[in-house]
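Sharing a structure, written as structure tokens. Questions coming.
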Amino acid sequence: MKTLTEDILYRVIKKRAKDSHKGTYGRVLIIGGTAQFGGAVIMNALAAVNSGAGLVTVATDPSNFTALHSHLPEAMVVDFNEDLTEYIKKSDVVLIGSGLGDRIDLVQHTFYAILPRQILIVDGSALTLVAEHKLKWPKSRLVLTPHQMEWQRLSGVTINEQAFEAFNMLAQQRMNVEPILVLKQHHTQIYTNDCAFEIPVGGPYQATGGMGDTLAGMIAGFTAQFMLSFSEAILAAVYAHSAIADELAETRYITLPTEISASIPEFMHRYSR
Amino acid sequence: MKTLTEDILYRVIKKRAKDSHKGTYGRVLIIGGTAQFGGAVIMNALAAVNSGAGLVTVATDPSNFTALHSHLPEAMVVDFNEDLTEYIKKSDVVLIGSGLGDRIDLVQHTFYAILPRQILIVDGSALTLVAEHKLKWPKSRLVLTPHQMEWQRLSGVTINEQAFEAFNMLAQQRMNVEPILVLKQHHTQIYTNDCAFEIPVGGPYQATGGMGDTLAGMIAGFTAQFMLSFSEAILAAVYAHSAIADELAETRYITLPTEISASIPEFMHRYSR
Amino acid sequence: MKTLTEDILYRVIKKRAKDSHKGTYGRVLIIGGTAQFGGAVIMNALAAVNSGAGLVTVATDPSNFTALHSHLPEAMVVDFNEDLTEYIKKSDVVLIGSGLGDRIDLVQHTFYAILPRQILIVDGSALTLVAEHKLKWPKSRLVLTPHQMEWQRLSGVTINEQAFEAFNMLAQQRMNVEPILVLKQHHTQIYTNDCAFEIPVGGPYQATGGMGDTLAGMIAGFTAQFMLSFSEAILAAVYAHSAIADELAETRYITLPTEISASIPEFMHRYSR
Amino acid sequence: MKTLTEDILYRVIKKRAKDSHKGTYGRVLIIGGTAQFGGAVIMNALAAVNSGAGLVTVATDPSNFTALHSHLPEAMVVDFNEDLTEYIKKSDVVLIGSGLGDRIDLVQHTFYAILPRQILIVDGSALTLVAEHKLKWPKSRLVLTPHQMEWQRLSGVTINEQAFEAFNMLAQQRMNVEPILVLKQHHTQIYTNDCAFEIPVGGPYQATGGMGDTLAGMIAGFTAQFMLSFSEAILAAVYAHSAIADELAETRYITLPTEISASIPEFMHRYSR
């Protein structure tokens, strides 16, 4: 288990090329947010846009459109009951699962429509649905972001066993696609294809609803922009998420997800060269 | 009548344990907000989330979902016309009554479904409904947050008599459940099972609509997190609410409820050790 | 024509009494905002609440409820198509007309239901409707807030003639109720029963949509709180509105209505003794 | 190709005349925003209002009204499915096209109803629709704001050829109306009737969704106010938009459209004499 340092941020966050345009920074599609859990996709999208994704579209229950636009006119919306095939096809990154409730149909369709070259981040309820329905993982560039209970459901590795890196790595390798695994916990761990990392930052002021939705959105934003260094982009997103929380916690008892997102552009600026 | 000091904040607001997660800080269910009084539950929820509750769900009229999410994507929502039994069961703290209008059915159902180990905060319209319909109090860990007229309706103690601690304590003890009573007024009083307290902070800049909804939300947030010191958590919430107002009033003629909620994380940070 | 000085602020804005409560600071009812002009009542309400009114209810088209609550959970709402008689009766101040469109029925009903002891502020479209339909003014404590064209329609005094104080005063006295007239223009004039005043503050950075709605809301908030010095409260509101704009304009090319409202609590604090 | 300097800001942004009123600063009508792309008109309107337009009305899908008012109660709304003839007639500036989807009917109607003395800004989807349907340009004071691909579709000038000023100028002159062309790119170019300009400001931190909607809104706001120096107003708007981004980018990795709009009043203040 390697411990990451802030050097990952300097390596990943590049000064942008002068003649780049929004297409350069990726198209992100976020699928989630039933009427009851609409806040989840709002937090996904706030994180993705503030991280610098070029274009963000949110496929969600139509009852969430107005609240999303109240936060973020920068995002586009689509009813997630429509056929999303075209939306998935033209995306560079698809994030599915935050606040998705029991919408197994959306997980199945996304797994079916996604292409191998595309990045697919699976979060929250989608992870539980995959475990319950024993869905097969698609052959895309896959990122899973379970917390410890979700990982137990998915992999069979109990929370106690998760303390041992080898168990997690074995379970990850057994999935025929070998996803990058972001195992959320105090000092979150990331398992790439050949290596395990731990972040030394973050703390219990992050223990509040929506923190994971913000992390998933940041991973979407970072991988959309820094696609060529795919696994490093994930490492950087996870590191940045908790490092921002640490900074906010110097003056706050808890660090709200929306505040973390609002801090991203200034944080990233300090690491871009 | 003991006068509280800011020492109550140091005693209650603990530095969070490193390996805690959002479940550690409690599940809060807020029930209230008819279409006309939707602002009340928004202020409840802003206070509870900013106080550090782990997970907050708002059961309210569906017409309030969007405005709530515009303020606070961190909260989840449910239509309060659905069967709330399961939501009540999995909560640590239930707050009912802010902006509840005449929905006696929701009070009755909550009183029926709540368990003895659970914390139940009864505020606003729910208090008036209990008095009008002579409802029996449930056997949970009960907190009542009446202003002086609501307390008169509930207890029969007139506003004049309320100046005498003994009358209030007697009325409180006569309720077979002996709730903790937060009697809102200039220098709010709190009656626990065996003692009466007064806060020396707060002032007339708080005399504005929604101030009580914010206090109720803070009590929910504090008791959800600091459950083991239940009555002290309430004392701390009441103290913090007015102490924040005092600070804001150094530069403001009135102190709006939403501004008080926004100030909670920085305020609590200063008292956590 | 007397020129007001900032002394009016010191005279009107009192330090609040310790044992006061929100009832002490008045109940304001705002009637306005068709679906197309919903922003007007939002700006009314932001101004009234930030000025310190005790309780604010907005009677408007239901399609405006969510946007209002997104700005201001502190306000209550009611569908203006319901019977408003009870709402009018229990108010201390009624403000009608901002963004009211062609809803003459609401003007007529309000004029019918209002009592002599109540304060009635008539603004915007309501003024035009009164002129068009030659409605009779009700016998309440009446405040009119026309801009120059609206005043011409109401009084027959042409904009050129309005430069002469005597014409305005005569027209005002001819209305059998002798309202207080706030004649909006560069250096707004106020005609009370026996005197004409001009404010020396304000400027063209205020020339932006919604500025008048904010002024009307401030007059509602000030008269609700400082009812005993009714005409002085109006003078203070008008003065404060433009004085705040002057301060903002030290760093801004234009001064948006919502920014003026946000500045009220800190502004009033500096004048309260 | 002339390179603009900040002198254009000093020349255009005038200190406002004392006796001016909101009518002096123009009526802007914004037409755009299907249910899916509602954010676009919100960003248009935020830019126009913050630039100082006197009165702004947004004709859009009704599902966007609430989110717009949550950002900006200062704007009025109208359903874009109603007959907009009267709205177009009483406007000084019409901006059509941001987030307009496939609503060719709205483009056709606007081109039909607009008068020669009126300013018409055509942006986003409207440009693509004009190209696809080979619509004839109306005889108004026309501004086009294509990015490079949209310009290729409209003019037949390929992106490679666009590097040569002469090609763009020839294509522009061939349109029988000779519009002012704002060709968005790294260092945006502006083609007036007789001259080509380039701005030396702006950078890749602007490469994010909604940036163009904000620029179109600023052009609307500037031309509405500074109508007499029509082409200079456009130059100033384009310059200001990127100069503000440059300032924000001193501390931010990306510069969000909504942040640019929020910075306009303070930015313009520094250049007004």
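Think of it as A, B, C and D in the order they're written, each chain with its own count starting at 1.
The rule we apply is simple: a residue touches a chain if its C-beta (ideal position, glycine included) is under 8 Å from a C-beta of that chain, and two chains touch if they have at least 3 such contacts.
For clarity, every value in this text was computed on a predicted model and none was experimentally measured.
Interface note: chain C and chain D, two copies of one sequence, contact each other through mostly non-matching residue numbers (shared numbers fall below half of all numbers used). The chain with its CA mean position farthest from that of chain D is B.
In the Cα superposition of chain A onto chain D, the rotation angle, rounded to steps of 5, is 90 degrees. Averaged Cα coordinates give chain A a centre that lies 35 Å from the centre of chain B.
With centres taken as mean Cα positions, chain D sits 49 Å from chain B. Of all residues in chain B, those that touch two or more other chains are 66-67, 70. Contact residues of chain A toward chain B in the complex are 35-40, 42-43, 46, 63-64, 66-67, 70-71, 147, 185-186, 203-205, 207-211, 249, 251-258. Those residues of chain C that touch chain B in the complex are listed here as 13, 16-22, 24-25, 49-50, 52-56, 62, 65-67, 69-70, 72-78, 264-269, 272.
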